[in-house]
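What follows is a short report on a single structure.
Chains here go by letter, A, B, C and D, matching the order in which they are written, and residues are numbered from 1 within each.
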Amino acid sequence: MQARSEEELVEELKREHPELLHDAIVHRSKRVSVIAKRERVLELARILRDQYGFTQPVSAGAVDYIKEGRMQMIYYLMNPETRFMLMLRVDLPRDDPRMPSMTEIWEAMNFHEREAWEMFGINFEGHPNLTHLLLPPDWRGGYPLRKDFRGEGITP
Amino acid sequence: MDVVTLIWLYILGLVRWLLHEAPLQVINFIRSLPTLIPELLKWLWDFIWFNFKPLAQIIVIPGLAFILLFAMIAVWFERKFLARAMLRIGPYYCGKRSGWLQVIADFLKLFFKEFVIPDDAEKVLFLAAPVLLPTIPALAITLIPFDSNWVLFDAGGLSLPVFLAIAGLAPVIPIFTGWAANNKYTIIGSFRTAYLYISGEIPLVICAAATALLAGSLDLVDIVEAQKPIWFAIPQFIGFLIFFVGLILEAERTPFDVPTAETELVMGWRTEFSGVLFGFTMMAEYLSFLGWTLLFIVLYLGGYLGPSLFGVPLYDHIFWMLLKLAVIVVIIVLIRTVYPRLRLDQTLRLGWNYLMPLSLLNLLMTIILKWGLII
Amino acid sequence: MTEPEIKPEVMRISWGPQHPMSGQTRILIDVDGEVVRRIIADIGFTHRGIEKILENRTFIQGIVPIERMVMADTANIALGYVQAVEEALGIEVPERAKWIRSLICEMGRINSHLYAFGLQVECTGYFPAVFLWTTVDREVLLDLFEKLTGARWSYSFFIPGGVRADLPEGFRDEVRRAVEYLRRRFQDYWDAMVENPLFEMRNRGVGVLSREDAIRLGATGPVLRGSGVDMDVRKDEPYAAYGDLDFKVITEREGDCFARLKVRFHEIEQSLNIMEQIADEIPGGPVRTKVPLFPRSKPGVEALSRVETARGELGVHIFTDGGLKPYRVKINSPTLRNMYVFERLAELNRVLVADLPVILYSIDPWYLDCDR
Amino acid sequence: MAERLTAPIYGVLDYLLTWARKFSIWPVHFVTGCCSPEFMQVSGSRFDMERLGVLPFASVRQCDCLMVVGVISRKMGERVKYLYEQMGEPKFVVSVGACPTGRGPFYDSYATVAIDDLVPVDVYIPGCPPRPEAIIHGLMLLQEKIRRECGFRAGKE
C-alpha cells in the first residue's frame, strides 16, 4: 500500500509500529526521516523495504555529536516509484557504538558501513567483510572523522 | 706410444722451430712487405668485384639495411599517421620539423638504458627471446625473391614451405618468454599468443598451398613467374582475402593484437622487457609484419612483376616490390586507426569458424580451376 | 585490506594503480583462464579526507576542496555544495543566476560525458581515432569556461547567493556556435562508435545489469538509466533553472555497456538543447544577492541538497552548529554506489578478462569522487 | 693525460646520448590525482606533447619518467615508491600540480603526502591544475636538465 503524501506515510508509520521507532518527521516535500530504536532497527528496515517500497539504497554515514555524547548513523533510502527519500536514523552512545549491519536488507550498504566503521569506529555486527575501505590497511591513527581526532596536521 | 710421450715430442719440436726457423721466416715476411700490400689490395678488390651481387643482396636489398630501414620508416610512419588520425602533429622537433630522427633517438636511448632482469625469472630464456625474435623473421625474409635471380637463400625449389616452416617458429618464443618472465600478465599474454597463432597459421598455410597448386611449383620465383599473365589475387580472390586477414592476425596488428593488449594485460608478453631487450622485441614485431607482407605480395600481388619504368629490369622489379609493400603497409596502419580490438574468443571464432572452411573452399576451387576435374 | 583466501585453480591478478586502464584504483580479479570469477575493488588510493577538511573551512572556503572531487564535472559538484549551504543559511538566489548555473552545469555534463566516451573507447583498443577527438572537442568547452570564469577546470564560479560574474556580452552567440559545432561532431562520434560493427561486437551484451539488480544494488546515473529506470534528480526535484526547461530523461532497456553508451549520447543531445534554450530565453536581472564574507549559521540546522551530476545523483548533507564553519558535511558520492555495482557484476554475468575494462569504463567511474 | 685524450670522444658521445635521451622521454601511464584531465589535454591534440617526443607508455619497465600528476594520498605514496624503484636507471620524476609539491588545497588533511619524502624530484610544475602550457614548459625544463647532466660524464663532475 503506497501512501500518496509524506504526512500519510509518517502517520501510518507512527500508528502501525510505535514500538519500533522514536519519531518520524517530514522535512519537506518527498523527504522524510525516521529515528529508529537501536535494538529493533532490523525489523523496521525490513518493513520499510518490503511494505513501503524503499528498495533503493542511496548511501549511509554518521555524525558525531560529541557534546551530547551520541553518534547518529543515517541511512539514505529511496523509493523508486514515488521518488520519496527516507533518512533512517539510529542514535548510538559514543562509548560503545555497536549496531546490527544492514547488509542483509540492503546489500549495497556494504561499502558505506565499512567507511563508517573505519571513520567513526561504529562496530556493525554481521557485516561480511569489515575491513578498511578508504584508509591504508595498516592505519593506526584512530578514527579520523570523530570530533576528538588528534591526527597530524588537523587544527580543529 | 701413449699420449703423454706424444705431447712431450710435440713440445720439443715446437721449441726447436722457435729457436731455429722462426726468426728467418719473420725477416723474409718483412722483406716481402713492399710487394705484399698491393697484392692484398688487388685480392680484396677482386673479391668485392667478383661476388658483388651476393654482397649487395646480403647488405642492401633483402638483407640487413633494408630490414632495419623498413623498421625505422614503419615506426615513424605509424606514429605520424596515428597522430594525424588523432588530429595532432606527432613527433615534430626531433628531426628538424619532421621528426624523422625520432625513431633513431628512441632506439639510441633504449640502447643505453639499464635493462632490468626480474630476480626469479629464467635468465637464459629471458635473454634468449630478444635475440631470437628478430632473427626468425629476418631469416624468413631472405627467401623472398626480388628478381628472378635476386634471391639471397636459394632453397632449391622449395622456398615456400621453408618460409612457412621458419615463420611457423615465431610464435614459440613469446610462449616460453611469457613463462620465463615470471609475471602474471606475461603468462596470460603467452597463452593468448599460443591460441592466436594456432587459429591463424593453418588457414594461411592452406591458402599458400592453393597458390602453389595453381602455379604448379613450390618455388616462390616460379609462383611469381606464373603470375605473369594475371595476378593470383583475381583467380583466387577468397584466398587473397583470407591471407590478408591472416596477415593482420599473424603480425598482431590492431584488430587482432590480443596478446599485447595494452588496456588489459599491460604489454602482454613484452611487459618485463626493458631497455635494449624491449628495443629488439619492438623491432621484431615490425620484422614479422614485413615478412608476412612480403610473402603476401609474392603470392597474390605478382611479386616483382610490373610495367618497366627504368631501363634495367632489376631496378624495375625492386621498385615495384617496394611500391606494393608501401601500399599494403599504409592500408594496415589505416585499419589500425579505424577498428577497435577484438576479444580473444571472437578472434578464435573468426579463425576457426570462418577462415578455416573458407580456405578449404578456396583450395577446392583451385583444384577445379586447375584441372577441371569433377570430383 | 586483509586478503580473502584464494581458491587453488584461480589466479589472483592485481590491476594496480599503475595500469593503463585502472585509473587511480586497484582492482583485484580472480581469473580462471580467461573468465573472471570475482572482482574486488580496492579503492581509497585518492582519499584526501575532504569531509574532515570541510569541517576546518568556512562556508565559502569549502568550495575549493569540494570542487576537486570530480575535476571533469566541477560545475555540478560545486552546485551541490553551494545549494546545501544556501538551504542551511537561508540565502535567496536571483532568477538569472539560476539560469547561468544550469547553463554551466550542462556544459560540465557534456565535458564529463566526453571524458567517459574517450575512456570507454580507449579500453577497447580503439585508441587513435575517437579517444583523442574527445580532447579536441573538450577544448571548445574549456575555452568557453575560460572566457566566462577565467579557469579551465576548477573555476569556483558558484558562490552562496548566486554566481560570481555575469555573462560577458557576446557569450550567448558563442554558446550557440559551440552547440552547432558540437552537434556536427557528435554525428561523427555516432558514426565512429555506435555504427562501428567491431565496437558494437565488443560492447553489446557485455556486463548486463537488469532493472531489479540496478535498483537493488543502488546504481545511479547513466548506469541506472541504461537499465530502464528513469530516475533523474533534475526531473524529480527540479533545482536551479531545470523546473522551467523542457528536456527528456533518456532510458534504455538492455542495460549492457552499449545501452549505457547510447544513454550518454542522447543525454548530450538533451544538454545541447538545454544550452540553446538557456542561450535564447535567459531572463535579465541581478546575478548575486549580498552575502557577508563569513556568514554565520543557525545552530542545529540540517540541509540535504541533491544534484544530478554526469555520473549520477550526488547528495551533500550539511549539519551546522551555529559557528562560521559547518559542523559536519556528509557527501553521498555517485561513483561509490556504481563501484559496488561493478564488484557484483562478476556474479551477475560471465565476464572475460578482455571485457573488464569495457565494463569498468561503461560505468564511468571517477575514483576521486569515490574516495572523497 | 687520459682525460685530455678521451675528451673529444666523450664530447661527441655525450652530445649524441643526451640528444637521444632528451627527445624520447617515455612517461609511465600513471595519474595519482585530480590533475588527470589536464594531463590528457596535454597529450591531446591542441597541446600535443608528442611533438617533443614524449609518449606515455603502458609498462613501467620501458619508461624512464614518472609524472606524478595530482594529489598523493598515503596509500598511493607506497605505490609511487614501488614504481620509482622498478624503473630503469636514467629515470626522472616530474611533479605536476601543487598537491604533490606541497599538498595543495588539502594542506591540513591527515591522508595526503608531499612527494619530497617519497622520491627525488627533477621538475616541479606549479598550478592547481597547471595549465597545459605550464606542463609542456616543465617537460622542456626536464629536457634542459637531461642535456646538461645526463651524458656519459654524468658521474664524473
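Structural remarks
Here is the rule we go by: a residue touches a chain if its C-beta (ideal position, glycine included) is under 8 Å from a C-beta of that chain, and two chains touch if they have at least 3 such contacts.
Just so it is clear, the model here is predicted, and its values are computed rather than measured.
Annotation of chain A and chain D: jointly contacted by C, touch as defined at the top. Of all the chains, the one whose CA centre sits at the greatest distance from that of chain A is B.
Averaged C-alpha coordinates give centres for chain B and chain D that are 36 Å from one another. Rounded to a whole number, the gap between the C-alpha centres of chain A and chain C is 25 angstrom. Rounded to whole angstrom, the centroid-to-centroid distance between chain B and chain C, based on C-alpha atoms, equals 49 Å.
Averaged C-alpha coordinates put the centre of chain C at 30 Å from the centre of chain D.
Across the assembly, chain A contributes 135-136, 144, 149, 154-155 as residues in contact with two or more other chains.
Counting partners per residue, chain B has 86-88, 262, 266 as the residues that reach two or more other chains. Residue positions of chain D touching 2 or more other chains, listed in rising order: 44-46, 58, 75, 108-111.
Contacts between chains form some other arrangement here, matching none of path, ring, star or all-to-all.
In summary, the structure contains touching chain pairs A-C, A-D, B-C, B-D, C-D.
Interface of chain C with chain D (complex): residues 16-20, 23-24, 44-50, 52-53, 56, 64-65, 68-69, 71-72, 115, 118, 132-133, 135-136, 138-139, 142, 152-154, 368, 371.
Those residues of chain B whose C-beta lies close enough to touch chain D in the complex are 79, 83, 86-94, 99, 101-102, 104-106, 108-110, 112-116, 262, 266-267, 270-275, 278. On the chain B side of its complex with chain C, the touching residues are 82, 85-88, 184-185, 188, 191, 254-255, 257-258, 261-266, 336-346. Within the complex, the chain A residues that touch chain C are 27, 30-31, 55-59, 61, 63-64, 74, 76, 78, 80, 83, 85, 87, 106-108, 110-112, 129, 131-137, 144-145, 149, 154-156. Chain D makes touch with chain C in their complex at residues 28-38, 40-41, 43-46, 58, 60, 70-71, 73, 75-76, 79, 83, 105-106, 108-112, 128-129, 131.
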